[in-house]
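Labels A, B, C and D are assigned to the chains in the order they are written; within every chain, residues are numbered from 1.
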Amino acid sequence: MDTVFASSTKKLPKSGKRRICFPITSRAYYGRSQLLIKKLHEHPDVDLELMLGGSILLDKYSRHIAEDIEAGGFTISTSLFNVIEGGNHVAMAKTACLTALEFTNGFHTADPDIVVICGDRFEQLAIAMAAAYLNRTIAHIEGGDVTGSIDESVRHAITKLAHLHFVTNEDARRRVLAMGEDPKYVFNTGSLDVEVASQLTGAITSDTVNRYGVGDAIDVARPFVLVIQHPVTTEADNGRHLEETLAAVTSLGLPAVWIWPNPDAGTGEMSERLRHFREQGRGVQAMRFITDVPVADFVALLRIAACLIGNSSAGIKECSYLGTPVVNIGGRQQGRLHADNVVHCGYDRAEIAAAARRQIAHGVYSSSNVYYRPAASQTIAGLLAGAELYTQKRFCDNTEASVRT
Amino acid sequence: MDTVFASSTKKLPKSGKRRICFPITSRAYYGRSQLLIKKLHEHPDVDLELMLGGSILLDKYSRHIAEDIEAGGFTISTSLFNVIEGGNHVAMAKTACLTALEFTNGFHTADPDIVVICGDRFEQLAIAMAAAYLNRTIAHIEGGDVTGSIDESVRHAITKLAHLHFVTNEDARRRVLAMGEDPKYVFNTGSLDVEVASQLTGAITSDTVNRYGVGDAIDVARPFVLVIQHPVTTEADNGRHLEETLAAVTSLGLPAVWIWPNPDAGTGEMSERLRHFREQGRGVQAMRFITDVPVADFVALLRIAACLIGNSSAGIKECSYLGTPVVNIGGRQQGRLHADNVVHCGYDRAEIAAAARRQIAHGVYSSSNVYYRPAASQTIAGLLAGAELYTQKRFCDNTEASVRT
Amino acid sequence: MDTVFASSTKKLPKSGKRRICFPITSRAYYGRSQLLIKKLHEHPDVDLELMLGGSILLDKYSRHIAEDIEAGGFTISTSLFNVIEGGNHVAMAKTACLTALEFTNGFHTADPDIVVICGDRFEQLAIAMAAAYLNRTIAHIEGGDVTGSIDESVRHAITKLAHLHFVTNEDARRRVLAMGEDPKYVFNTGSLDVEVASQLTGAITSDTVNRYGVGDAIDVARPFVLVIQHPVTTEADNGRHLEETLAAVTSLGLPAVWIWPNPDAGTGEMSERLRHFREQGRGVQAMRFITDVPVADFVALLRIAACLIGNSSAGIKECSYLGTPVVNIGGRQQGRLHADNVVHCGYDRAEIAAAARRQIAHGVYSSSNVYYRPAASQTIAGLLAGAELYTQKRFCDNTEASVRT
Amino acid sequence: MDTVFASSTKKLPKSGKRRICFPITSRAYYGRSQLLIKKLHEHPDVDLELMLGGSILLDKYSRHIAEDIEAGGFTISTSLFNVIEGGNHVAMAKTACLTALEFTNGFHTADPDIVVICGDRFEQLAIAMAAAYLNRTIAHIEGGDVTGSIDESVRHAITKLAHLHFVTNEDARRRVLAMGEDPKYVFNTGSLDVEVASQLTGAITSDTVNRYGVGDAIDVARPFVLVIQHPVTTEADNGRHLEETLAAVTSLGLPAVWIWPNPDAGTGEMSERLRHFREQGRGVQAMRFITDVPVADFVALLRIAACLIGNSSAGIKECSYLGTPVVNIGGRQQGRLHADNVVHCGYDRAEIAAAARRQIAHGVYSSSNVYYRPAASQTIAGLLAGAELYTQKRFCDNTEASVRT
């Protein structure tokens, strides 16, 4: 900072420890980061600042998260309301910009050594941009994967702003290196989501499930399908695509637990179809709609579902370890490394239904370690606490001279 | 867009032509893009929207630019004041965020088929991010180069958001491919700056030079050095580094034309040293300080300078073609492809002075084509008008299996 | 504007007519302004620019409004998404700021002679502030009233920024003058809402009502109560206050049509109670919950309701003319001029129920003209088209020397 | 706040004392508030939070202010860069909006009992608006005065948002009451500026003056005029008006100390004329241009100047007490209560020069107490610490029934 005022802000006092800012902007990110947060909080050389913004503050379950955070003894250093309503691309873009504007002030006050950026949500790129302009070392978790939707662009753009890379699989590592990152700062630690799934081994009861959301009661002791289909922000037909899945699911002859779509651009037309379906009471089998569920119960549902249908990354990652059969629909996870438990199909009700029937008939797959390494959170926390810090990036030529063109 | 309102904004009426939004945020970008703007404006299949924001609106020469734009028959569709004062990193980060917020609204109204992003200034990444979230096809000019400073991160992050890539040299093309871009959308068109330099062959008189800026009168018929040293936003010692250059330049025994530093983070301490130097009247040789100069006169100065000293990209690019000897200081252009005319040195007055003396003694180099291809602007305009458009990106594995790690 | 760029933005071309910007930020404002918009649109000397922002863009009925606007031949010059989610004071304050930021750009492009500010919603003060700083003449509709909540502060602050005042009653006129406004710019034109109510004389059928919202079917041919209770942003107990009204309404032995609360700070706890009540199915009488209803149907409901219960301004204004009995609860409308049809009471279920029973027993009141003057919209349109414009305000000492203190 | 997160932000811990947020946005406000800040800081029942934003952070003398603040033992709780460059109305309006957006977050964290708003600068209204929407008690210093420019609107709009009013004179008190404020919350405490002027009795030497700014050396032991002419944001001809003053001042035959104009809309064309004048070296008498001067030296200059020429409020307030002759030009201070030391005139060089000659000939006036009451800062601090707090405002009818219309 140039001016005396920039430095005379009442900054958080320096403890001599490495200060790590961890912006969390969705409940999903909180869920998968719980173990890492705990490890960072307990680390003797780390001063952890949780910063909340975006949709996590608007979550109906934010009350539980806040209690959870406080129960863990963690401190929320700032919470910033910056989600612009609209559920369309304009609102999404402006939300990202406002988020970055406000996190700039937050970082200016917190004065972190490292800013941790998770995954590939649109607002995380904006936060990474702010941190980069403030000359902070950026650590990125889950870079290098390939998927569809805008996440594909966001993820790699974050990689090119980040200094420390914690990837979840070897494919991702290879891509991060191809993109010019320095090998000594790229670490395959395995997936935090999968680590969480591997440790949360509790069961879920029907009573618990039926306390969440609305719709019919579900008996989890009997086979059911789990559906999670999020909007694909780069596609125009999210509503119609959802209709196909709805038709396929209702044709299976099994009860269904349906997790409500994320509030990204395109969510409006999807919600409308689901609400309309519910009001029409068109299903024969029991169907329950849930907007939010604590991570432990979410993992329990993933573990016992006869099949997961939709486009959630949980099908690719958590379910690779849990062995749950998955029907992955459309382009959202396209190209992502996956284990044998995943079958892909397009936006077609017949195709989806046929794939789901085959997967249900197949039953549980054996556990895969493509996304799993032991102690991912411990490894990442240790590297965040001890890794050499730098800010000036340089393109590192990791590829053979002969690029195929 | 989801809602009826999003689509019922009074959008610019569609002409049936491809609509191209061209955000220009600095005078330098306007200078180097003049030929391209002209070609796009004249193209029968293109509807060109110039959008102005950032520092170009604050430029003392903005009056000339506006006249120039109007003389060219171009239309400025929007001009957005969004530079936050401060000259430090916080102001820079917030400027980027505010710029992106406002360009989101601008794009929403203009409804472009393509958004053109130039170079690697910090606000251009923010604009690219907004365009990406709005699902627009992004064309990026000048990706793939390597340099120092935050520009290095910004440039590659833009590449990972962009769909069409107009690179200026083969090195850059190779890097853009390594980063996973599809070869069929990566075009080495040569540099627009160099094309401009190749066409602006007018001479400059002492009278003209001495109408710009403040300081001593310069006789351009006799040898003089040209100095352009911008802040390196990722370094802390911009003031001290400038002192070294000042000392070296004053030791050369030649008059100097000194172009004022860009208003990026770090500019404050550099300006302060220059002002202090001027007030002290410490120079023996004539020295003239110029904040802004029209592009034709700038090229004319580059062409006749005995040596260009500093860290401007003009030393690497335009001067490769013009053959002007260059002493490139510090890390700002580090790693960039350059021709024989460039000698590198550190922030050390003796080293700088020695290198400059050798370069002045050497005299003009032969012209290099590393950054030059004929008709760059024509090529880019044609591709913008006719290239296939897409928005969903997919990482393209262009490298051999064996990434060196 | 100082700079050449500020003036070289592609501004809306000047037609020679007086250009009037009309920012509309809620469906209610659109409803009550329909006649005025029509008159301005048809006026030969006026160039009308409708600018939409805020909650109107998020309204489920926005589709109808957009169709309505287009059917009327009006043009929406800009639509700006700027509502920040949260339903609390922080989100409300930030929404206002973002709204003002974006309307500044909108006004800069539209270059209006007059900006029309309606009523007392929080974002309207922010828009007025932006217009004032841009040196525009501001016309304010409905100043001078007294009420509770933050509206009371907002309304008078707008008065002190505005140049032309269209008040709805003599009490308001007296207050606007006391506050130092020039009598020659203060006009009692009567209320636009009441003019709309006086002209929309169509009936509503049960079928129509039951197509809106959720809940039980209502027979509008039989007595029912209408409930409209909005959050009072300056009070902390909005949830508990709503419980009192719920208890009172369920005790009346009549069906109820319940209009959902506005999305202002405090709305969350109110909605939660209503949803909980619905899910419990606690009512004996039929109850229907409606979030939005076209203005014609709204007026029809006001006209035939046995009693209006709550804190809506419609009880004070429209119902004064329609003669509908009103039980006005709490401080939101406190101090406002009202006709005989209004009975006030506190947040107490017994008090509310008793007042409602008396009002229902009383039946329709005779029509009052306290808020009514013929042709309000025609009068305002004429003044907007023809009034002398000025921007420099001066406190006008309209009071006797002896202020009572 | 509605949500658990809003309340679980890491707020400043409550000390049991009354927490007072004091946003300071210009050096002038810091200067005049020094005594009050000291009193609040020392008050046993007050927890003072200084919040800096706006132009004070950009001030060349901010270094001194920061040192001063630290020397006083005060803490700056936040410093927010939010001035948008441009020097025109658009930039000014957007600066206000951005300021309010950021102070909203600041207040949300600080959780103040009272927010103190000073004077009538445009960004102070925006901050007051944010505080009002957050339901905070607002204390306003210096309401009720009348002046020209946009300040006139801003000041009264703040009054209508504020709860505690500290006015500086009886005229102002009468107006604040006429506007409907409750007499028990309106206090004539005298002016803080004048209190500062009454206590800063140190002399200034020529050496000190000549260390500030640029231009000729001034001998303060001999008669000189002091010129302070700020832009009037609601007028279009600020440049031309300045020319008139320049011509008048150069005709007086006395040296001049010229304080540079404020950076408000219109400042660009004024600065341009002054720079042009300087470069032309057109003056015969010595002239020194100063951008900033510590408050003690400013008062010392006011005290010894033969005449103050321009439109500064210091001419009206401080000089009323000091007895310095003042020629007040144009509409900026129009209608403001003043003592005998002030002569008004228009934007005419002959008129200004004639008035200045008469004032210089007259010499020092006797001290007036129209703006002075002893211990203003002590009184205000005591009221801030002890006054009853409230947030719901109600228009208070303080005027006789017979408003003159």
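Heads up, the rule we're going with is that contacts are C-beta pairs under 8 Å (C-beta built on N, C-alpha and C of every residue); 3 or more make two chains touch, one makes a residue touch a chain.
This is a predicted model, so every value here is computed, not measured.
Shared contact partners of chain B and chain D, listed by label, are A, C.
Distance from the centre of chain A peaks at D, each centre being the average of the chain's Cα atoms. By number of C-beta pairs in contact, B-C leads when A-C and B-C are compared.
In whole angstrom, the spacing between the mean C-alpha positions of chain B and chain C is 51.
With each centre defined as the average position of its C-alpha atoms, the distance from chain A to chain B rounds to 37 Å. Computed centre separation for the pair chain A/chain C is 42 angstrom, with centres defined by C-alpha atoms.
Of all residues in chain A, those that touch two or more other chains are 3, 6, 57, 81, 86, 88, 90, 94, 98, 105.
The part of chain C that touches chain A in the complex is made up of residues 57-58, 81-86, 88, 90-91, 94, 98. Chain C contributes residues 1-3, 6, 86-90, 92-94, 96-98, 100-101, 104-105, 108, 122, 125-126, 129-130, 132-135, 146, 148-150, 152-154, 156-161, 174-175, 177-180, 183, 233-234, 265-266, 268-269, 331, 334-335, 391-395, 397-400, 402-405 to its touches with chain D in the complex. Across the complex, chain D meets chain A through its residues 3-6, 8-10, 52, 56-57, 62-63, 66, 69-70, 75-81, 102, 105, 109.
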